[in-house]
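Next, two complexes with subunit A in common: one pairs it with subunit B, the other with subunit C.
Let's look at the complex of A and B:
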């Protein structure tokens, strides 16, 4: 088992940072009947999912962690079938309706209505595992709500209110602005901020103590800095370092950056060095390589812009960020990513060349 | 089906969210919308009702008014049979309009029993089309004739946020009522009443004014926030003004100030760092931008031209984000423009 999974906290009390959030969640769990719908938002790797799993655990007891993977097919009114993976326990169901693409609306309508129309089995059963005061409702966890279409979000609005007595929703997303206001205003918002570097260091330390090896402070700080405030990534990096040195970690050991980051770094260096059509062709090859390796185009453009801006003049930085935003937006509108990536590179070359010419002219 | 669920007495009492539980039961209970209420009250007494189109911002009581009206027209045993409520969660393509609505609209109604003398019990049925702005234009077009053909026994109540999204021929068949977003005074009265019903503590009541400020005229938001505060406080968590902003999902003032000082710092790198931190903290760029707007507009140092330029850029960024653009990049573009604008006006002023 990877350390990330092995040391994932399972109880609300074990959560290592954001004490106020943990406190709020446990106060909600202690009084489940008055729990409203929840809306978790925050950047990737901040620990949203971990908190939700912990919350479910304290709402329903150990039964909530007995999970199974289900594959369900939904039929839309136009007789098209959509297949969707979902993770279920007796008490809750977790789906990522965005996977259904255009048909996400039907999935939402179906799943919630179905969940809401039969009562929580655990609540009526008198089995020994049932805690006193356990919740009498079921929970639907919808991940990546920001990927839902407008219609699907509109479908959520009234559904959330109507079925609230038998079914609570937990919505999870990274990007709060893509969720429509009426849905947000129906939920209790919980902002899970990315942990600070100190907090990551503490997490890394506790992993090292549990695995009983020495983690030098300097290395922990380095990893925390490189992880860009993402715990999952930090722990993975730590494990990578550990494996590399077979357990004997040194304080000045380099933290492995991922291949694709180095690759983009290299690309940035190349296009600042020379602005010619030949270079552009070479850049295209690199971009293709990145895309083939499943690096999302918006991540490429963001990282590339950041790398490019490192040694630029302030006025140029402004222009680069402007164009990066422009082409990133185009990527999300269009369907052929490579065009926009290339266009960005070409644009940068033009802007930079002009700047150089003006400087030396 | 849902309605049957909701009426099961065992589940209803303590489990529904407050927004549902304290929905006004009669028209008199509805806060603030006096004109609408007066007109509809009249309809209740005379038993005559035109088709209605209710529109206004979220949380101003449109659905509540429609439901309260139905409750007052018929005896509880009757009204569920008389009212068909369709919202965006139901399938509402053209086929539904053709079949379900047509079917419901074409059935005549039986005369009510004698025990209903306290209710006007008018001889028609009501179809409530909630969130009518999400009904497809095709389906709306199909509705036109249905509304007229069945108007003898059916009344339609269309509810929407934006009246412009309802096609004109449909809108002209209805009596239009505009709902205003609620002023704090009338919201406060209602919130206080709810707080008393729920035995909220004094410290929670002290937060009411802040809750109203964040809700910005949206009653549902205010009630949801109040419930969140109450359930958090019941579990022992401390809720103060700063925590309230977070519960409502808004960036706290301190955070906005931090961004503002970064904009004034004249340095791209400082600004970039702050923006990066803010996105790592999980604040929504959209809300940050809307918090920045009043500050930018009222700023003394900026010249008018830069203000206009910034306003345009903010609007563009907002649109781009909705279309799927990256939050951080869009926020950065606005902020970098702001930084250079400030720099410019500073040199001019000197």
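Let's look at the complex of A and C:
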């Protein structure tokens, strides 16, 4: 098992940072009937899922952690079948309706309806078995809500109201602005921010203590810095370092970045070196390469902008970041990513070329 | 001008005696003719008097005297003014000469076998052959698909011949006609149409205006059949091929019909016939005008030429239609305007090269300069796109893919690409009405608007944009990665927690995959090997680029040292 999963906290009390959130959640769990729908949002690797699992644990007891993977098929009104994975326990169900693509709307309605019509096992059990204060509702965890289509989100909004008495929803996503306002307003929003580098260092340290090896402070700080405040990535990096050196970590050993980040770095170097239409055609090949490898376009543009920032004169930074934001927005609006990516690269080249010309003219 | 296809049987009947008792299992070509005669005698006997009546005007047309034909009878002008001698045919005399020579030499040496005439419909390819045949007293053997289909039932009833598929009748036809004996003897004895004046026939040719309908299953057989025919025939064969785009055929079309080894050998000759020129069309049309005693504005000729695109048959038909209405106005409607299809590459080339109107022929009304003193563009981007026949996303991808090659200035290119980005965005908002048109207009004008300093004109290969392939590979990779992701989280050893079995693979790829490759290479690498990716090359290319980077750094340092600038920060 990977360290990421091995040392994932399972109880609300074990969570290592964002103490106020943990306190709120445990007070919710102690009085389940007053728990509203929840809406977790925050960057990747900040600990949203971990907190939800811990919350479910304290709502339903250990039964909530006995998980199994189910495969369900849904039939849409047009007689198409959609197959979807879901993780279930006796008390809750976790699905990613975005996986259903265009049919997400039907999946959402079906699943929630079904969950709401069956009573919770815990609630119908005899009172002796029943843990006092346990929740009487079932919980549906919907991950990646930001991938849902507008129609599905509208469907979600109606379904949420209808079945509120027998079932609670927990929505998870990275970017809350992609979720429609009515859905957000029906939930208690909980923002899980990315941990600070110090907090990541602490997490790494605790992993090293549990695995009983020496983690030099410098290396921990380096990893925390390179992880872009993503705990999952930080722990994976640590494990990669550990495997590489077979346990004997040194304080100055290099921290490997991901291969695609290096690739984007290379791209950034190339487009700052020369600004011609020919160079753009070469840069485009690199973009294709990244896309073929399923790196999301918005991640590409974000990383590229960051890499470009590193070697840029201050007077240019504002303009470049503005264009990056502009095209990132376009990418999220439409489906034809490559045009926006290339437009950004070309725009950067034009801006940079002008800057150089002004400098030497 | 081309002979109406229906007309041939009629003529035969008019000239030759009916032979109902013609031998059944004889020469197929004559069988065809016979069937034809039989059927016409049975089905169309009612038309005989009508046709007799029509004969006279046509004779008039032959001599182009006009005379007494002022009354509008039912004959189509296209039939009435069918050219009777080679001089009237609107094909360039040089081409006519070439064809004549080819056929004559083919008859002598039996080396040349197949002549393929390529050109858009209605420009006189078949008519030229017919006129040449008349002039030189050759007999023509023709195959027509409708014969076999329409009459086989009748045929089998009368002659107890099995029903034939069009392909097998074609085969039979080629076999019989290709030997070159039957047609000669039978033609003369049956007093066929091609030998009208009773004089000696000096040779025979096979004219193929259409081929049996091709299906997937029969295509190979047809090709074998045809190739075999080309190899063995002793009668020169002329194939009329009008399945063209802008007057050009697709190589694979012909190659799917004849073995390329034969097609490009001495046996075959492919000849392009150009559409009717303006002068020629004017000549023909004015003859009609005189014969019909019409008065028309002189600009009508040019107008008709433009609208028909050099297709004389359609021009004459249109002309008659408009003359019937008695409203001889120029540029009246676009109802008769034929859609002019541009080949996709032609269209894209137009948009990318963005030619401008040269100052020579400016029309003060429609000619105005752009704000920056550039003359207006030579074409209408919307029309070009509409006629190109490619769907919008394809057009956009093509333009975007090829545009950098046409630019020399990066900031102009950047503006263009920004416009393409606008256009792509508009294409995505299909809910807003008109957004698609706006997207097309933007895409079509982007290059023309911003490219002030185009790169030197040179030939550029317009290949398919790579983005299609990229998208396809990406989808496949995505499926692949999802499987990997899924199997990692559900298999026995439980490398990942069950939670990661849900959701998109994007986080898995961007956050975890590259570390997992180091931590648990044994379970990852195998499945990555089957991916569509050149990403695995990355490690190599990165190390080489690092070398390059340090190399560049050294170089810079050297330069700075030479310039005596100290304190260079190597970071």
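By our rule, the second predicted complex is superposed on the first by the 346 of 361 C-alpha atoms of A that agree within 3 Å, B and C clash if a C-alpha of one lies under 4 Å from a C-alpha of the other, contacts with A are read in each partner's own complex, and residues count from 1 in each chain.
Following the convention adopted for this analysis, contacts are C-beta pairs under 8 Å (C-beta built on N, C-alpha and C of every residue); 3 or more make two chains touch, one makes a residue touch a chain.
Predicted model only: the values in this text are computed from it and were never measured.
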Checklist entry - So, on subunit A, is it clash or fit between subunit B and subunit C? => result fit
Checklist entry - After superposition on the shared chain, which partner residues are touched by A:46: those of subunit B (first), subunit C (second), both, or neither? => result first
Item to check | First (subunit B), second (subunit C), both or neither touched by A:333 | outcome: both
Checklist entry - Just subunit B (first), just subunit C (second), both, or neither: which does A:2 touch? => result second
Checklist entry - Once the shared chain is lined up, is A:296 touching subunit B (first), subunit C (second), both, or neither of them? => result second
Checklist entry - Once the shared chain is lined up, is A:280 touching subunit B (first), subunit C (second), both, or neither of them? => result second
Item to check | Vertex subunit A, arms to subunit B and subunit C (CA centres, degrees, nearest 10) | outcome: 90
Next on the checklist: Looking at A:75 after the superposition, I want to know if it touches subunit B, subunit C, both of them or none. Which is it: first, second, both, neither?
Outcome noted: neither
Next on the checklist: Between subunit B and subunit C, whom does A:155 touch in the aligned arrangement: first, second, both, or neither?
Outcome noted: first
Checklist outcome for this item: The superposition places the nearest Cα atoms of subunit B and subunit C at a distance, in Å, of 10
Checklist entry - Residues on subunit A in contact with subunit B in one complex and with subunit C in the other? => result 333
Checklist entry - Can you list the residues on subunit C that touch subunit A in the complex? => result 393, 396, 400, 404-405, 407-411, 413-415, 417-418, 420-421, 423-425, 427-429, 455, 466-467, 470-471, 473-474, 477-478, 481, 486, 490, 494-499, 501-507, 509-516, 518-520, 532-535, 538-539, 541-542, 545, 549, 552
Checklist outcome for this item: Residue set of subunit A touching subunit B in the complex reads 20, 23-24, 26-31, 33-37, 39, 41-43, 46, 77, 108-109, 112-113, 116-117, 136-137, 151, 154-159, 161-166, 175-178, 181-182, 184-194, 228-229, 298, 302, 305, 309, 314-315, 317-318, 321-322, 324-325, 328-329, 332-333
Checklist entry - Can you list the residues on subunit A that touch subunit C in the complex? => result 1-2, 4-5, 8, 44-45, 49, 53, 67, 69, 85-87, 94-96, 98-99, 143-144, 147, 230, 232-233, 236-237, 239-240, 243-244, 256, 258-260, 262-263, 266, 269, 273, 275-278, 280-281, 284, 288-289, 291-296, 299, 327, 330, 333-336, 338-340, 342-343, 346-347, 349-350, 353-354
Checklist entry - Where on subunit B is subunit A touching in the complex? => result 1-2, 5-6, 11-12, 14-17, 19-20, 58-59, 87-91, 93, 95, 130-131, 134, 218, 220-221, 224, 227-228, 230-237, 243, 246-249, 267-268, 272, 279-287, 317, 320-330, 332-333, 336-337, 339-340
